[in-house]
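Both complexes shown next keep chain A, but they swap its partner, so chain B is in the first and chain C is in the second.
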Partner chain A sequence: MSDVELQAQRIEWPKEGVSRVPFEIYTNDALYESEQDLLFKGPIWNFVGVDVEIPAVGDFKTNFVGDTPVVVVKSSADSYSAFVNRCAHRGSTLCYEKTGNRDAFTCVYHNWSYDLEGNLKTVAFHKGVRGKGGLPDDFRTCDHNLQKLRVQSLCGLLFVSFDEDAPELETFLGPKMCAHIQRIFSKKIRILGTFSQHMHNNWKLYMENVKDSYHASLLHLFFTTFKLNRLSMQGGLILDGDGGHHISYSKMATDAGGGTDYESGGLRAQNDEFALHDNRILKSWPEFDDGVTHAIQGIFPNLIVQQIQNSLALRLLIPRGVNGCELVWIMFGYESDTQEETDIRVALSNLVGPAGLVSMEDGVIGSFVQRAIVGNQGRETVLEMGGRTVESQESRVSEASVRGFWQAYRKYMRL
Partner chain B sequence: MSWLNVARLSDLAPDYPTACSVEGHRIALYLVDGAVYGTSNICTHQFALLSDGYHEDGVVECPLHQGRFDVRTGKALCSPLTIDLATYEVDVRGDEVWVCIQGDGR
Partner chain C sequence: MLESNELFHRVRPLYDAYADCIDEERYEEWPEFFEDVCFYQITTREAHRKSMPIGIVQCNSKGMLIDRIGSMKRANIFEPQRYRHLLGALHVEAAENGTIRARMGFGVVRILESGDSMLFLSGIWHDEIVETTEGLRFREKIAVLDSSRVDTLLVVPV
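On to the complex of A and B.
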């Protein structure tokens, strides 16, 4: 058994199973290191970007798998490559830009140069100078390629895996999750903007928050004040992938002609003090035939696909040490959108992000937990809303998908 | 245009280019089957001296990224090169190597 596994196994899971989570899970440094190996580099698929971000051969994007820096590049007309963003020579960062176009990747340190697939092509002064110095005659460049990752895609979403034994991407996602991705990404998307926020909490607290449909109408007063999302609305939870993936969805009564009851004056907050002077921010139109107006999909371990009315986004959560994480947002619409539709999406994006009228609380609630669980003396969190098991539910007054996250987490972490 | 005596033939070696610097021109000289050829000493890809590179059978390999030029024509032979190398007319007079310089340093 490796040291990493031994360290992870020092945490003893409560006998109640996934209805309890030891607080140490968010604070243990050794566990954080184990997560990098067993989870993020384990037999899973990690989202890294969208095909429209790197449309031309040589276009690349840098990102992270767990906290390991990676590069994903369009390496030919019909293929993508990915590798660790680290020169095979001395381990220097190879690629500093977030995006760009290259015909080769050359390290600034000693000018070792790699092709778009990560193969070492040239070594500066490999023959030395005037016959002195240089590499030994038996040095083979093919033994010193970049550390390569597998790349697979679904509807333009690019995923990578460190593990040769990871199942095919669509098997990892499962049919329910694939169907939901196909629902959102059936048309070519257009990225409206990206941004990221740092949060002062362990990454898992944010993923739990995403999967916790119970808190939405309690923590997010904007929703209830303006009657946008109540737990009494029709909706439910769909779980898959050992419980690690989920979709939380709901249907808001929406006039087919456009505009909400709120806008027409039919729905008003009980306290007249709480009214928006300019309600264009809430304008939306029914986008999908299934009537679902809100759908949050969590792909294990750290991707979120967001549909909040017409606000569409991908969110990737990057762990930044045991006490921090960075949430990267990709806001998008479709190439076929009219200007009016684009304007509505941009206006609705006020709901999300670090200062979003709704997401603002999600960005800080994890740190409220993180600072309170210091010195927790082996205590644990309680997850019993909607029972103690992991299954799809008709009600969103449930923590089933949070329990599902822990079920999958325990499997990969061998806890 | 002027002809300048820049090197001794007996100092040239077949495996490695010889660097010389005259009137702002940085020149690399090559010995190929007894004949002498001259090119710019600076790679067209990124700044590197070809005289630090390796020469074999009329082809010089840049030390930095292993771009190769034909020293007789200056032609770029492979990636990452996209621009040919400037060449100089060379005349060997006994042991003296003369190079034809045109205009200012390039």
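On to the complex of A and C.
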């Protein structure tokens, strides 16, 4: 066991189990290093991108697995490759662009060149110049390939793994999570916007926030302030993958007259001061046959699939040191969308993201915790809403999926 | 049609007043810089160049701008903060139908109560300005941010 692991293991989990989380979990530098090895490079699958981002052979995208830089590339008509974004020679960054297209990956430092699968093909001055210099005769290029990752995909979502022992992607996700991904990604998507958001908190605080369906109507006051009556919303929590994955879903009631309650006037703004001047940001149409209008899916450890009415998004959370993280948003619709449908998705996008009328608070709430737990080692957070266990529940006034996150986290981190 | 130098001197005070309105926290006045039917967007250079329709904020009417301020004042939770706009070069040209196309680079410093002060945003406005009986108003204002990354959250308009 490495020193880092030993240090991380010094964190003693409270005897109450997953209904308590030691504050040190968000502030410990050694634990952060340990997460890179045991979790992100452990037997899991990490989302890195969507097939439509790299449609042609040679198209690549750079991204991160934990904080390790990686490249994912369409390496043939029907395959993808991925490797650490680091030349095998001197460790220089291989691709310093976000996206691009290459016939081969050639390091700018000394021109070592790799094929699209990450195999070292040529070395500049391999045989030296005029018989002098060059590599030793027994140097074998095949011993110096890029550090390769496994790649598997589901409905166009590309995942990578460092670990040969990781189960197949669909096994890792489980049938309930796969079914939900298939539900959203059954049609070819069209990316409508991308941006990112830097937050001043440990990455796990954001993931907890995503999984915490209890806070929604308490922290986010847009709907209640504007007296927007959302009528009765049925829903629940679905957990899977040792508790690490979750779906929080609800069905916004629709009026018998058809259409959404917003369109038909079921959504009532009650007086002038607290009325919206333009209701277009609330317009939506029933898009999925199952009647589910809101579904937030958290794929362990750091991917979120969002359906907020017709606002669809993938959110990837990248850890940026123990005290920071970056949330990368990919907003999308479908290629088959009409202009009117695209317009509705664009209008609804005002509710989410760093300037989201409904949810902008999520960008700062983690840092409210991060700055308050300084100097509070030995103390802990309380997670007892909806009980103390990890299970699917009918009520979303629950912290069950937050506890589920910690159950899975403890398993991979051996805490 | 006005000569470009004259145009420049007519338009420049509009930008000074616009930045002053936000920086001095007179947010309720901010929508008044726009026509009733207008388009206001905050997007990124990356999204703008790729013609992607979703940026950070998109409003299709003055009503939506008023709602943004209403939400900021009454609903949203965030740390007390204000902006200082640093205005850059202004480029103006007369367009068809008596409208004016204008571009101006800007920086925005965000100041928190703690004293933390940072260069929060930089970018350029791509604007369409019209003459009304009450003076010049924005018909379209697209704030194209240089970076695709926003720190924490964006609640005060740019």
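Observations, loosely collected:
By definition in this document, the second predicted complex is superposed on the first by the 390 of 415 C-alpha atoms of A that agree within 3 Å, B and C clash if a C-alpha of one lies under 4 Å from a C-alpha of the other, contacts with A are read in each partner's own complex, and residues count from 1 in each chain.
The rule is simple: contacts are C-beta pairs under 8 Å (C-beta built on N, C-alpha and C of every residue); 3 or more make two chains touch, one makes a residue touch a chain.
Just so it is clear, the structure is predicted and the values come from calculations on it, not from any experiment.
The superposed arrangement places chain B and chain C next to each other on chain A without a clash. More residues of chain A are touched by C (comparison of chain B with chain C). Of the two partner chains, neither chain B nor chain C is touched by A:T27.
Of the two partner chains placed by superposition, only chain C is touched by A:P354; chain B is not.
Of the two partner chains placed by the overlay, neither chain B nor chain C lies in contact with A:T389. Once the two complexes are laid over each other on the shared chain, residue contacts for A:Q147 go to neither chain B nor chain C. When both complexes are overlaid on chain A, the residue A:Q36 reaches neither chain B nor chain C. In the superposed model, A:N376 lies in contact with neither chain B nor chain C.
Annotation: superposed on chain A, chain B and chain C show a minimal Cα-Cα gap of 29 Å. Interface of chain C with chain A (complex): residues 42-44, 46-47, 52-64, 66-68, 70-71, 74-79, 148-155. The residues of chain B lying in touch with chain A in their complex are 15-16, 52-54, 61, 63-66, 79-80. Against chain B, the residues of chain A that register as touching in their complex are 103-104, 106, 111, 113, 121-127, 129-131.
The residues of chain A lying in touch with chain C in their complex are 191-200, 219, 221-222, 224-226, 274, 276-278, 280-281, 326, 331, 342, 345-347, 349-350, 353-355, 357, 360-361, 363-364, 367.
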